[in-house]
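Chains here go by letter, A, B, C, D and E, matching the order in which they are written, and residues are numbered from 1 within each.
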Amino acid sequence: MIVETLWLNLPYLLEGAGVTVLLAVALLAIGIVVGLALALAQVYGRLGLPLLATLVERLFRGIPAIVLLFLFYYGISIFYDIGAFPAAALALGLRSAAYQSQIFRGAILSIPSGQMAAARAIGMSGAMAVASIILPQAFRQAIGPWGNEALSELKDTSLAYTIGVVELMRQASYLVSDNYGHTLAFYGAAAFVYLLLSLAATLALTQLDRRLAVPGFDTR
Amino acid sequence: QTYVAGIEPSFPPWASVKRGEYVGIAPDAVRAIAKQQGFDVKFKSMSFSSLIPALKAGKIDILVTGLTVTPERAKQIDFTVPWWETKLDVLVPADSDTNMITALCCGSNVGVQTGTTNYEWLKDNVVGQDVDLSIHTYDTDTTALQDLLIGRLDATFLDDDTARAFVGDNPERIRIAGQIAPHPAQVYALGIAKNDDDTLLKTLNMGVVELYESGDWAKIIHKYMPDAAVGKVPTEMPADVPSYETPIAGLGS
Amino acid sequence: MNAFFVFAWENLPALLDGLQYTVIIWIVAVAFGFVLGLLLAVGRVYGNTPLRWLAIGYIELIRGTPLLAQMFIVYFGLPEVGLVLSPLVAAMVAIGLNTAAYQAEYFRGGIRAIRSGQMAAARAIGMTRGQAIRSIILPQALRIALPQWSNEVILELKYTSVAFAISVPELMGQAKMIGANTFLYFQIFVVAALIYLVLVTLVTAVLDQVEKRYALRH
Amino acid sequence: MPNLPLMRVERLCKRYGDKTVLHDVSFTLGQGEVKGVIGPSGAGKSTLARCLNGLEAIDGGEIWLDDIRFGDRHTKLDALRARIGFVFQDFNLFTHLTVARNVTIGLTKVKKMARAEAEAIVRRELARVGLEDKLDAYPAELSGGQQQRASIARALAMEPELMIFDEPTSALDPESVGGVLRVMRELVREGMTMVVVSHEMAFIEAVADDVLFMVDGGIHEEGPAEQIFQHPQGERTREFIQGLSHAEPDNVRDAR
Amino acid sequence: MPNLPLMRVERLCKRYGDKTVLHDVSFTLGQGEVKGVIGPSGAGKSTLARCLNGLEAIDGGEIWLDDIRFGDRHTKLDALRARIGFVFQDFNLFTHLTVARNVTIGLTKVKKMARAEAEAIVRRELARVGLEDKLDAYPAELSGGQQQRASIARALAMEPELMIFDEPTSALDPESVGGVLRVMRELVREGMTMVVVSHEMAFIEAVADDVLFMVDGGIHEEGPAEQIFQHPQGERTREFIQGLSHAEPDNVRDAR
């Protein structure tokens, strides 16, 4: 019976999974762009910029996601009628940006300073050197920790239900509340879907790691 | 006119999701009222904690679920006239000999969903009365019940309707040990934002009463709870709820 | 605004009650995850093939599934095999098992960043592999992993709120209860957020000091 | 040989915090001139080399390349650096790029050259340093000497008017040194203007027109290579030149 | 001088994958003997040094230290290594520990010595290499030469019966080389048994009793230092010894 219920509700679980993936991709994309900007500001910024970036990072790492979701959904609504999905992508994306900034910062700092000097010495501007010499190397260093962050976020998309984004976990909990006594079965099914998604992500990252592998560095 | 109804559909038989559709007494009733009163309704699902901010931000217009009326809550939102009165059931494992009395004393572990008025009732009427009892609070009823089955709990407290639904599904594992009729009465109603313009409150109040009078209310109730006795609507109105001051919006005296 | 402060003040005791659970779960889980995470990372890098795959399997399984599901398995699943844990212990175990997988990956990153000469030099003065890993590799790997590991520590502080699902009345759970009573959800969450923020700021300050104190001089 | 001065340094000063690392350094560098820079460790040779390329901001004095003054507000240091090749002691090849890409990246990014055109230059420059068969190797796959020659090719590809070498052989094993010095010697023959900081005294003596002997952040003695090595004037210069051989002649075996 | 053989190597072979890096290497090392190992890059000198210390598993042949054979099932390689000091080209000091802790860690962890006792030894060994004032410095705060001397002290503190040096000076700037060679020369005087892989030919010539000239993974010529340097027998040896001076005598300035 439970199998049948699961089968009949598979489309909804998959629909939830679709929302989960979409939200994860959106928030990670925001996280990369903003996180990178924060990291660059922290490492290379002048005047108050590093301090400002650190402040933003601390704030978004410190405030619980649920409050960020409220702020971005109901707060922005005062000026602009934002949808739940974009609000969630923005709130969780900026939160992820704070975490990602630490990952990128660590990676940038691990690149020997000679690389920057050499880039400047052939006439590159600072920005050019960062873009074509420092970051490509830093990305490789960042892949491992970034994977950790991406997988956390994949599952944290479930927080978005708070403001009404119905994703995988919520579809599962609908089933749980409507079919009392099968908590483990439905959450188990959801967990299995997450596992498949995560393994796909890990595999993709491993491929990327191989692609970016450069002789002279451990690739295992 | 289209109203957006905020719903947390994990509270059968009042609100749940089946195959992607919002079902349960509350959404069915609101659809019927909408038809009668000539407005459109759109449902939007979100977590319970988000319903109130959403209402205040104008993201939704009506709270549609098994929403218990309390004077405390009435400071933040307006309630329509109550349409259901519920009792508190004490659930115990089917094979246990715990009764109403032993469930509430003697080192008993009792589970209850947080944020429910059931929890409030327990706190107000049992805790601090020098009884030997520990209360465990749960995010959802289902987790509390699961713990009852595992044996971490001796009894759980929950709304009569929900309790019946659960027992109906698992008669061999859980039984109802007894019922408590709290005072003041626990009643359900729809919620809306506090607003100077009481058009919506009037419409809904009228809708609730007309739905009851047309007999459709009883049909909806019986669809989800075949054996339930349908009481008069509006039911008893708790004191200190501003929107219940006479004249009641939409209902005259 | 004034009303907000009154409200915050009135409910502060309840939140602080919850905070105790949050902090205790967090400390135990992070410590437990630290030890297990180190073992997993070492197993994954230096272990023989079965051990390596065991570590990989564990890490990917845990990272691949939601904490809530893991917590339900520990809380509701283990009793099936006769192990009934109290909510608090179950929360510590579940969160500890979970964070171990993430911490392992940070530590592994740290180990990978150490030049192979360090191991060779340790072996050359007669250390066993175990001794070399313990006294030479890990102390350096931990220092390297520290900035990114701090992400995990802070994240975990907020993940303790999942324990509310199995009836641990931690900080966020208390806030939800108060919210349900008063319907002042947003306000109470903001108060909770401020408490988290203070805690995170403290933790980050400590970790910053540790990072500075133990920074590897290259 | 020196004719038009290509570079002029006047009363150059450089501080790190409180510490003055260079003070009152002045000299001129003619077109086609090879200037050797020698001196004990910590004398400021590397700092000077980095200043000449605008890699370090200066705290006093002036550096001119032709008629452009470093540090002027409208001076584009990036553009200046593109006219000066710099070879680092520890090569600093871009680890994530192949040898060929290491050489082209300055051409395509800085000089905005088309990829095809750049590749022709790469082949020419890598052939010149004897690495025509290493186009697709990564830096980590090369020996130290090969890495240094690749980094020379990277600098040469930009067609610099001046090459600065900061101890280009001191991170190399003795056998790799030969190859690098051979390439440098070739450049000298072609008439490249060069500043060479090096501990390879024999080499400096052989190729440099003029030698700066630096001590404690200042120029202690400047003169033609022959004068510095054969007839040093300064006390410190003499000591330094004489103290250079490590393999002290006493045969310790006999002492056992 | 060689008397009792301390170490015996017989038909040693070592492969990396398909590639044979050492083949049929045999020699003996007497108590108190200093063995120099020279040869072109890639000859297998470092690999040999690492095999002698059990850092690499060997694929054929035998290595004996006294009457203990490497690789026997009941041979504890860890214990063997504690009897052999190894000095790496790039020092490999433990980055996270002070100089003093670098030296004590082997004593406390491997020899289970009490902290206080170990510290006395540390002072003695660091004084011997002239670093008595650097006890609390971290490796990164030392110059290359100081780092190498600290790493020698680390090895010496274990009171090894044999010291192996793998190009201990080739990562150093020329001026730091002197200090390291001085310490090594002191060890020679004290009668330490040593294997020294080095490109410092003058040094090898001065201190080694016997020299192995390696080419392509084998011993091309072995003999007393004087023979190898002054009267090399093998064709390759002669070429190698003659090709050592980089500063070719032709004065390129004249060719311009």
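Points to keep in mind about this one:
Keep this in mind: a contact is a pair of C-beta atoms (placed from the backbone, for glycine too) under 8 Å apart; a residue touches a chain by one contact, two chains touch by 3 or more.
Small disclaimer: the values here were computed from a predicted structure and weren't measured.
Between chain B and chain D, the least number of touching-chain steps is 2.
Where touching is counted per the definition, chain A and chain D have no chain in common. Looking at contacts between chains, the pair that accounts for the most C-beta pairs is A-C. For chain D, the chain whose average C-alpha position is most distant is B. If you average the Cα atoms of chain C and of chain E, the two centres end up 46 Å apart.
In this assembly, the C-alpha centroid of chain C lies 51 Å from the C-alpha centroid of chain D.
Here the spacing of chain D and chain E, counted between their Cα centres, is 32 Å. Separation between the centroids of chain B and chain C, computed from CA atoms only, is 37 Å. Residue positions of chain B with contacts to 2 or more other chains are 49-50, 53, 140, 143, 146. Contacts with at least two other chains are made by residues 66, 70, 74, 183 of chain A. By the document's touch criterion, interfaces exist between A-B, A-C, A-D, B-C, C-E, D-E. Residue ranges on chain E touching chain D, taken from their complex, read 1, 40-41, 143, 167, 170-171, 173-178, 181, 185, 188-189, 191, 199-203, 205-207, 209, 244-248, 250-253, 255-256. Note for the complex: chain C touches chain A at residues 60-61, 63-70, 72-73, 76-77, 102, 105-106, 108-109, 112-113, 147-148, 150-152, 154-155, 158, 161, 172, 186, 189-190, 192-193, 196-197, 200-201, 204.
Per the touch definition, chain D reaches chain A in the complex via residues 50, 53, 55, 78-86, 88, 90, 92-96, 105-106, 109-110, 137-141, 151, 154-155, 158.
Put simply, chain C touches chain E in their complex at residues 115, 117-118, 120-128, 131, 135-136, 139-140, 143, 214, 216-218.
Taken in their complex, chain C has these residues touching chain B: 76, 79, 84, 86-87, 164-167, 169, 173, 176-177, 179-186, 189.
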